[in-house]
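First chain A sits with chain B, and in the next complex the same chain sits with chain C.
Coming up: the complex of A and B.
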């Protein structure tokens, strides 16, 4: 009976494509979100949309970081890719007479080009050495932007970046706040689209054979190589995919914020958020970084509203406690508890049931408990 | 008949230590070739040079007449070199089947998904792990881990299989199973190079035996010949426990 168990379980796992369903739900939810907020909160919807945009931005950043982390590489270069995207679109606006929207894909491509360069040089380094090299790269890039001729890249003062959307106030037909609402609504859809693209990349990777290559390289690069996986190539691909969405994010944010500045666009804070969020939410999954971003954004917002001063201390405490007591992250911990409950209720002997002690499950969403009798 | 695996004057120095020193050997197609020697003789280092985990200080390895110098571990795997490790190293976060699938999907370029799954299931069946396919690799017993180690290597469809002490730590009955398994693999057309400490296993399996000591080749020949060699006896008598098993 045990021999039949594995294929049966695999078939059931394939039965509901939770990842695709989740992406569909995300898209539908995003489509209705601005109108819903407006119906519920009227003019307060403007600030709620801003909060939602920040959460989406964090989710894109976190998911991008996680894609590379699945190969076991810890990037401290995400601020560099973010800043590259931001400066690419700003420089194009300033020096080239091209449609503004081109700056977004161009920002992504430029980040990919830097990832190719940096990855080609450093991905043979492992873990901590790679991390140090990427951090150094980010700092060097920031310094280069700082010291580039002011006429070219703005130097210390940075550059202004035109907004993507300029809703016009029409007297008599709308209220003042509606201009801000329309602007935020438009940006919200851009961010949601970029997150959908990030999720699509992540799902495609998780469903492809590359997922196994990623896990193999992460757990034992030497053995992976002996089994025919080409670690250098696979890691470079992950790095480039990771950089692409962050580069686009940096470009979009430059337009939304209205300016680029060396210290702001290449801020170490971006790098820190990129790695803290998936660790908080649950590593090596599609869902984890998204849950992490929504969770951390909510915690931060609640704290900010409760204690306007020093709320960051509380935020730090929440982070430290989570990482101490939930090392698998939110999604990993819930998924683990769920599986344990499932195995108790079906009463299957532990020998035939997966019990993971690793940091997180590898599938996108936590798997539902097996049906009773399914293993018989 | 030309050799399928040939090492010529292989050497590896770690600082002042010559772990492998001017080692040459040739393995014929379909042969079971044993590498023995006291602990620290350089056997595992030699296998690492062959599979590309270490770069030799001097010398070269050829597979089926093709020089492997400068090729990565993955490229050597694609050309037909399979490897099972002495210290079993399954990917702990994967199931048994997923572990084997890695070898099946990446062991040869351009293997389709369905074909890879077939190869993985065949390899799992060959080592008798069907009942554990869906379980996490970290829940296996030592014997099962060793079977998994072999199944993963087999799934890469090797022409030459390098086995590093797969019998170590097995009970006699389990070792007999493992010996039968290796014979079956040879009957399926594989060439097998294995490192082994358990002398009865070497006696039962090996067509030829290479004896190493202090990184050098002490002698090479049939089991009965090399075990009569005075130098081999001395090398082993230097170590009590090894002498006892011999």
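Coming up: the complex of A and C.
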């Protein structure tokens, strides 16, 4: 997946489209997973499915963040899109008499609309300013939701959201826990479908010419402009695609949790998870965020159970350590080692390194000038 | 019809609050201007200062007026430690890495505080001077805000003086202007950065001690103050230390006016900052484009 080697090599490799094969395997695995878990673990499958759902959710979030990061933009607004999706479906349920399912695409569309608005205003900004502006936007949105009339959006107390699935308990034909199992199974398929969509978007972008536009913008926006890429447009497209899946995720999650609350739906924690996961797994790839989500969601379970407040500290530590010691992430580091090995065995110099997979620092720390003196 | 007394009161509260904001923001501006690091953890130094003051009071009964002198060096050390152990390694890394690193440090500090002190607001209870206030004409002024304004203003002006006319200050300005050039004339750039970052954390910590007396802080105020400091720094121009005082006045008065004059405006306090960040950034980008 995503091996940006020299074009000739890439052309030869094209014979096996690993990304599509991977997606296919993912879909097949997901289709059998609930039944397999049930066959293996019986009633414990209920909680295993919940854990799997959390991992899927994290993967969707991470992949969405990565899509925007490929253009070099640091978004701190993912909590805003997530919350937008959650509140859209909750508001529709409360005020409109429409089928419940419509809330999910509507949540995605609403998030895209906000991305269009926010991106149109801020994507011309330099990276730092963009990051600050997106963080500010997320907090404004939270404040607005807090402040909105209680009769309309519930204020501080939030709103209840009906579950998407209500399996019925049939006495005599099934056991009690099977109700929970059926509910989790149904949610699992929804999340898996959403992840498949996210992967599809990511693969499509990696295979299209846009990938080079993204890389060009990330490397140097001005030069990209000279080469005929329109940075503002391309970034806006990435931002909208990124927001769409998060918005839908927020909507689905609102149904699963059963409520929306300003502080929970627009929590900074969402933004933190969205960015730590792909950085840990490996930026600018389809595989990286998924690997990161698998790794971190198992840690997350452990941390959340140990500390109720402050479990995010684990993510802070992972973020800092990754940036300092493994700036390419898990996938990038392994891939780099693999390519290095491959080139050594054939005796050729390493083929053009993939556009700095993961923002690698200039390896050595800056040396202070060794001259004495200077009365600072 | 708006009551003119109310406007005057809001103006005075705004000006008094501006002192503290300037103190916190000037540290952020220093880090950006001298080191070139956009520190997303800056507000957390402020929060840590507040909780150290609280803990000193609860454990040892040290009055915040005195713990100021303990907390400030402690924060300086924390800042220096964080710089030496993490930030100095990403100085040449892409901007994205730098921002993410400081963001990660902020997450660690905030959640560490949540683990230690929990999420509830903490009050330093039973300080006599907290309730002292003066009535000047139609406006009432509390002793604590007044004192915090005076201390902050002194410190900010002191920093300006230091930058203008001490060897350390000159070194900082030299490094900010041209890092390579400064190194060539014999300045130890890394040490200047270390001092600047420690100083930045120290100033935020002093602000934290004061907020512990003024309000009842929770471990999550750090993020809000990071954003407030960003708003001020963005208004004054990224890395411009001198503009901070004026920008703080603008931002604090705007906040105070909205909180007092808009019905139910207290909940919109924070939104004012974000609106200012947003407005200024977008306006700037249009002007450049």
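Going forward, the second predicted complex is superposed on the first by the 317 of 376 C-alpha atoms of A that agree within 3 Å, B and C clash if a C-alpha of one lies under 4 Å from a C-alpha of the other, contacts with A are read in each partner's own complex, and residues count from 1 in each chain.
By definition in this document, a residue touches a chain if its C-beta (ideal position, glycine included) is under 8 Å from a C-beta of that chain, and two chains touch if they have at least 3 such contacts.
Everything numeric in this text was worked out from a predicted model, so none of it was measured.
Participant: After the superposition on A, what does A:140 contact: first (chain B), second (chain C), both or neither?
Facilitator: second
Participant: What is the contact status of A:122 with respect to chain B (first) and chain C (second): first, second, both, or neither?
Facilitator: second
Participant: Determine, under the contact definition given at the top, whether A:148 touches first (chain B), second (chain C), both, or neither.
Facilitator: Neither partner.
Participant: Is A:27 contacted by the first partner chain B, the second partner chain C, both or neither?
Facilitator: Touch status of A:27: no partner.
Participant: Applying the document's definition of touch, where does A:74 land relative to chain B and chain C: first, second, both, or neither?
Facilitator: Touch partner of A:74: chain C, not chain B.
Participant: Once the shared chain is lined up, is A:327 touching chain B (first), chain C (second), both, or neither of them?
Facilitator: A:327 contacts chain C only, not chain B.
Participant: Is A:226 touching the first partner chain B, the second partner chain C, both, or neither of them?
Facilitator: first
Participant: Comparing chain B against chain C, which has contacts with more of the residues in chain A?
Facilitator: Partner with more touched residues of chain A: C.
Participant: On chain A, which stretch or stretches are contacted by chain B in one complex as well as by chain C in the other?
Facilitator: 362
Participant: Within the complex, which stretch of chain C touches chain A?
Facilitator: 38, 86, 88-97, 99-101, 103-108, 110-115, 118-119, 167-168, 171-172, 175, 183, 185-192, 195, 223, 227, 230-231, 234, 238, 264, 267-268, 270-271, 273-275, 277-278, 281-282, 284-285, 288-289
Participant: Residue numbers of chain A touching chain B in their complex, please.
Facilitator: 2-3, 5-6, 9-10, 209, 212-213, 215-216, 219-220, 222-231, 351-358, 362
Participant: Using the touch definition from the top, list the residues of chain B that touch chain A in their complex.
Facilitator: 51-53, 72-74, 77-78, 83, 85, 89, 91-95, 97-98, 101-103, 105-108, 113, 116, 130-136, 138-139, 152-153, 156
Participant: If you look only at chain A, which of its residues touch chain C in the complex?
Facilitator: Result: residues 69, 72, 74, 121-122, 124-125, 127-129, 131-133, 135-137, 139-140, 143-144, 146-147, 268, 272, 275-276, 279, 307, 309-313, 315-317, 319-320, 323-324, 327, 359-362, 365-366, 368-369, 371, 373-376 of chain A touch chain C.
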